[in-house]
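Chain nomenclature is as follows: A, B, C and D, assigned in order of appearance, with residue numbering initiated at 1 for each chain independently.
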Amino acid sequence: MDMFALYNYWVVIFLMMTGFYVVIASGNLVKKIIGLNLFQASVFILYISMGKVSGGAAPILRETVQTYSNPLPHVLILTAIVVGVATTALGLALVVRIKEAYGTTEEDEIHSQDESL
Amino acid sequence: MRDNPVLRVVTKITIPIILLFSLYVQFHGDYGPGGGFQAGVIFAAAFILYALVFGTQAVRIVVSPSILRLLTASGLLLFAGVGTVTMLLGGHYLDYDTLAQNPLLGQHLGIFLVELGVGITVAAVMITVFLAFAGRRD
Amino acid sequence: MNELINIVLLGLLVITALAAIRLHDLFAVTIMFGIYSLLAAAVFVVLDAVDVAFTEAAVGVGISTILMLATIGLVGRQEKPPAHRSLLPLVVVAVTGAALIYGTFDMPHFAAPDAPIQQHVAPRYLEQSPSEIGIPNVVTAVLASYRGYDTLGELTVIFTAGIGVLALLGLRRRRSRLADSPEEEP
Amino acid sequence: MTLTQLPALQVILPLIAAPVCLLLRSGRLAWLLSILVSTTALIIAVLLLRLVLENGTISYTYGGWAAPWGIEYRVDIASAFVLAIVAGISTVVLLFSRVGASWEIKSSEQSLFYTAYLLCLTGLLGMTATGDAFNLFVFLEISSLSSYVLIAMGPDRRGLTAAYQYLIMGTIGATFILIAVGLLYMITGTLNMTDLANRLPALAQSRTLRVAFAFLTVGLGLKLALFPLHLWLPNAYTYAPHVVSAFLAATATKVAVYVLLRFMYGVFGSSFAFDSMPLQFILMVLGALAVLSGSTVAVFQHNIKRMLGYSSVAQIGYMILGLSLASVSGLTATLVHLLNHALMKGGLFLAVACMAYQLGSTRLADLAGAGQRMPWTSAAFVVGGLSLIGIPLTAGFISKWMLVVAVLETGWWPLLIVIVAGSLLAVVYIWRVIEMIYFRSAATADGPAQEAHWSLLAPVWLLIAANIYFGIDTQWSVDVAQLAAQLLFGVHA
């Protein structure tokens, strides 16, 4: 049971790292943004995991329920999701402008264009 | 896509339902899942659907860029304004207790207004962002 | 039962994330991200976070995916396969991941009711909010009142993104031809 | 009544002004609103500083909910000091941008520009004043997103890639901070910084706490451009609009340094940060490398803005060195340099902006002969440069001196070599500019390029004069920094 107690977190860490890998290993500007989204979505799962109480219910108060999961991580992650989509929108808008200015969304091609200036 | 009659009819039927649902989510957030943010996104989704089927120009006729700009600002102003009012009423910023004689009533009023502000700005920003991306096609 | 569902969902998440690394067709990567969000939303439901699930479904599967598709429609869907594979990102990720795993060993166990997080601050929200706020959805109560200022900040972030997109892309450009749906092009 | 509301007004005022500014159609009106708000913010910050110096730390709870249930603003001497720096620099840069921004930013985009500027100010002030770890993340993102927008508004297409690069690295940093805050919350159950500080000592052995500490340091390191996480900075400062470069260079990284030292001393406590973790060694090495590599690379730059960018990396290195000494004197040196570097970099970037407007370039080679054509601007640059080097009677000398004293006091004398080497390298790169503007004649004397408008020169000289003032009359700045450092240290003493 002790193994299972942390298993959830280990999988989430693996997920976070796959997202992180996409951000830093990919050379395509769009894919980097998608990677950021994967990374952040996995962090959200980490937060929500820590709020779970076994046998608990969703924190909407009812007469019949005694144990609720922790509402605070939910609130924090609602905020973080919004921050995430704001970043995504801005990042993608930048990508569109970069494509218009450089004709490519590959990092190394952009780099070589700027070098030749 | 605009020439497909099935799509046009279904869209026209669905959009009022989506808008209605977003209002439900907006005002029922105290009792069930949901709230201003989710409602704003769903509200915007109705416009995005409309834009996908009937073209962005059709949406611009409904909400012009200046109206979107006004809505974007007014939602945030509403939220921040509620805080300012509570400050003027002698409480701390966003202390809704001051909004009514009965603190519970004040909380209800405060949360209602604040969520409304969130809904307005989120919907306006989402529509703006979508139109900005869609309008970029040459 | 819940544990079982959770394990299956997490397994699917791993597969989807790995697929997103392997694929070079950005359209497919975006779809993988949409699926990932949907699965994450399902995990949130299992973990009792219904509000978060709702939002993740609306934002991750909805808005973010649409924006990604719109962008791909504008910039092209093919990622150039990397010319050379560098080991550095893998090393960075491995070190970061190892650090996090190291950190888990002193973590309170998953779903433990006696974890510090369940003992401090949060109980007041569950116990006092009926008398202090008076609405049943505690998430809304915390979001809009106890931590209302965070929500004001969150709204400001969205507002900033709106300003940014307006400044970068603008709305004023009128086209003679009506724009088609962004999904059609790829 | 009003006085108790000051901490909230400090941040709320620019926040409310931002949406109003969006609705203003005219750039001139948007500017007027921004300068009014920024000046008011400066007045509030000064009032707050006086209040905390007299009555001690101020706590303000949002929504009337007591911490740790609600969100608390905590203004102590250090944060009021930083608030005053940010609001002050913002006001001076806005004075400059009445003319400056009207040349750099399209008139149709000016109200958007000032809206983003106000949002950035909101975010920076909020980060400084907040006493809540998650609220910090939210305001960090407000300041970050708005600075991406401001940078992308630059005239060059490379502004877009610089903004994108900054967005990716900044978001990775923010996500690291988010992970750290989550781990801290997980083991303590609280998000309030004071509450965290009370609960963390009992958990000093926790491996989770160590990881949280590491993630927070790396995340903030990305934000404050700590070597080797500084890669976004030179491009961002080079290709942003000139007024934006001045504003961000003088404020954004400073606020991140302040947040780092607040977490090190005010939340984790110096005993944990420096005894349980190898922080001292790491920060010292990175700080020294930042000073040496930043200064060396600056010497070889052809673009004067990029040169100042690398010099910023080096100057951040000095601040980190002071931080790593784990002594009151070291911390005092860091705080004094926070102010002095804001003054010198703000002044230098604004002076460069004047040259760029008149001569049409920020390439070093194109500035030849500027000394004759723009005597006042050139003189301002020289004085700012001397301050950057650390010549006596300038503010830069004071911060270097305090750092040297702190180094000697703690016995890390090898760092003296680093500090002296950094100054010598600064002499070299500042001299390259002086040589170019005074001792070379313009290759193409086309057009009578002349001195910048007085409304541009006035803000430049305001900052340059402050460099001299704080170089001679150190009473105020050093005293306040020392009190702030003692207070920060006292938390866990």
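Simple rule for what comes next: contacts are C-beta pairs under 8 Å (C-beta built on N, C-alpha and C of every residue); 3 or more make two chains touch, one makes a residue touch a chain.
Values in this document were obtained by computation on a predicted structure and should not be read as measured data.
Novice: Considering only chains that satisfy the touch condition with chain A, which of them also satisfy it with chain C?
Specialist: B, D
Novice: Compute the centre of every chain as the mean of its C-alpha atoms, then state which one is farthest from the centre of chain C.
Specialist: Here the answer is chain D, farthest from chain C.
Novice: Taking contacts as defined above, which has more of them, B-D or A-B?
Specialist: B-D is joined by more C-beta pairs in contact.
Novice: Using mean CA coordinates as chain centres, what's the chain B-chain D distance in Å?
Specialist: Averaging C-alpha atoms per chain gives centres 36 Å apart.
Novice: For chain A versus chain B, what separation do you get between their C-alpha means, in angstrom?
Specialist: Each chain reduced to its C-alpha mean, chain A and chain B end up 24 Å apart.
Novice: Just give me the whole-number Å value for how far the CA centre of chain B lies from that of chain C.
Specialist: Whole-Å distance between the two chain centres: 20.
Novice: Taking each chain's centre as the mean of its CA atoms, how far is chain C from chain D in angstrom?
Specialist: 31
Novice: In chain A, what residues contact two or more other chains?
Specialist: As it turns out, chain A has residues touching two or more other chains at 16, 20, 24, 29, 50, 58, 60, 72-73, 76, 78-79, 82-83, 86-87, 89-90, 92-97.
Novice: At least two partner chains per residue is the criterion; list those residues in chain C.
Specialist: In chain C, 50-51, 55, 59, 63, 67, 70-71, 74, 100, 104-105, 107-108, 115, 117-118, 121-122, 125, 136-137, 139, 143, 145, 147-154, 156-161, 164-166, 168-169, 172 touch at least two other chains.
Novice: Hunt down the residues of chain D that sit against at least two other chains at once, touch-wise.
Specialist: 15, 18-19, 22, 62-63, 134, 138, 141, 145, 148-149, 152, 179, 185-186, 191
Novice: Is the way these chains touch best called a line, a ring, a star, complete, or other?
Specialist: If you draw each chain as a dot and join those that touch, every dot ends up joined to every other.
Novice: Within the complex, which stretch of chain C touches chain B?
Specialist: 50-51, 53-55, 58-59, 62-63, 66-67, 70-71, 73-74, 132-137, 139-141, 143-145, 148-149, 151-152, 154-156, 158-159, 161-162, 165-166, 168-173, 175, 178-184
Novice: Once bound in the complex, which stretches of chain A touch chain D?
Specialist: My answer: residues 16, 20, 23-24, 29, 32, 36, 39-40, 43, 46-47, 50, 72-73, 76, 79-80, 83, 86-87, 90-91, 94-95, 97-98, 101-102, 110, 114.
Novice: Within their complex, state which residues of chain C touch chain A.
Specialist: Listed in rising order, the residues of chain C that touch chain A are 3, 6-7, 10-11, 13-14, 17-18, 20-21, 26, 29-30, 33, 36-37, 40, 43-44, 47-52, 55-56, 59-60, 63-64, 67-68, 70-72, 74-76, 79-80, 82-83, 86, 89-90, 92-94, 96-97, 100-101, 104-105, 107-113, 115, 117-118, 121-122, 125-126, 129-130, 136-139, 142-143, 147, 150-151, 153-154, 157-158, 160-161, 164-165, 168-169.
Novice: Spell out the part of chain A that touches chain C in their complex, as residue ranges.
Specialist: Against chain C, the touching part of chain A is residues 2, 4-22, 24-31, 33-35, 37-38, 41-42, 44-45, 48-62, 67-79, 81-90, 92-97, 99, 105-106, 108-109.
Novice: Along chain B, where are the residues that touch chain D in the complex?
Specialist: Touching chain D: residues 69-70, 72-74, 76-77, 80-81, 83-84, 87, 90-97 of chain B.
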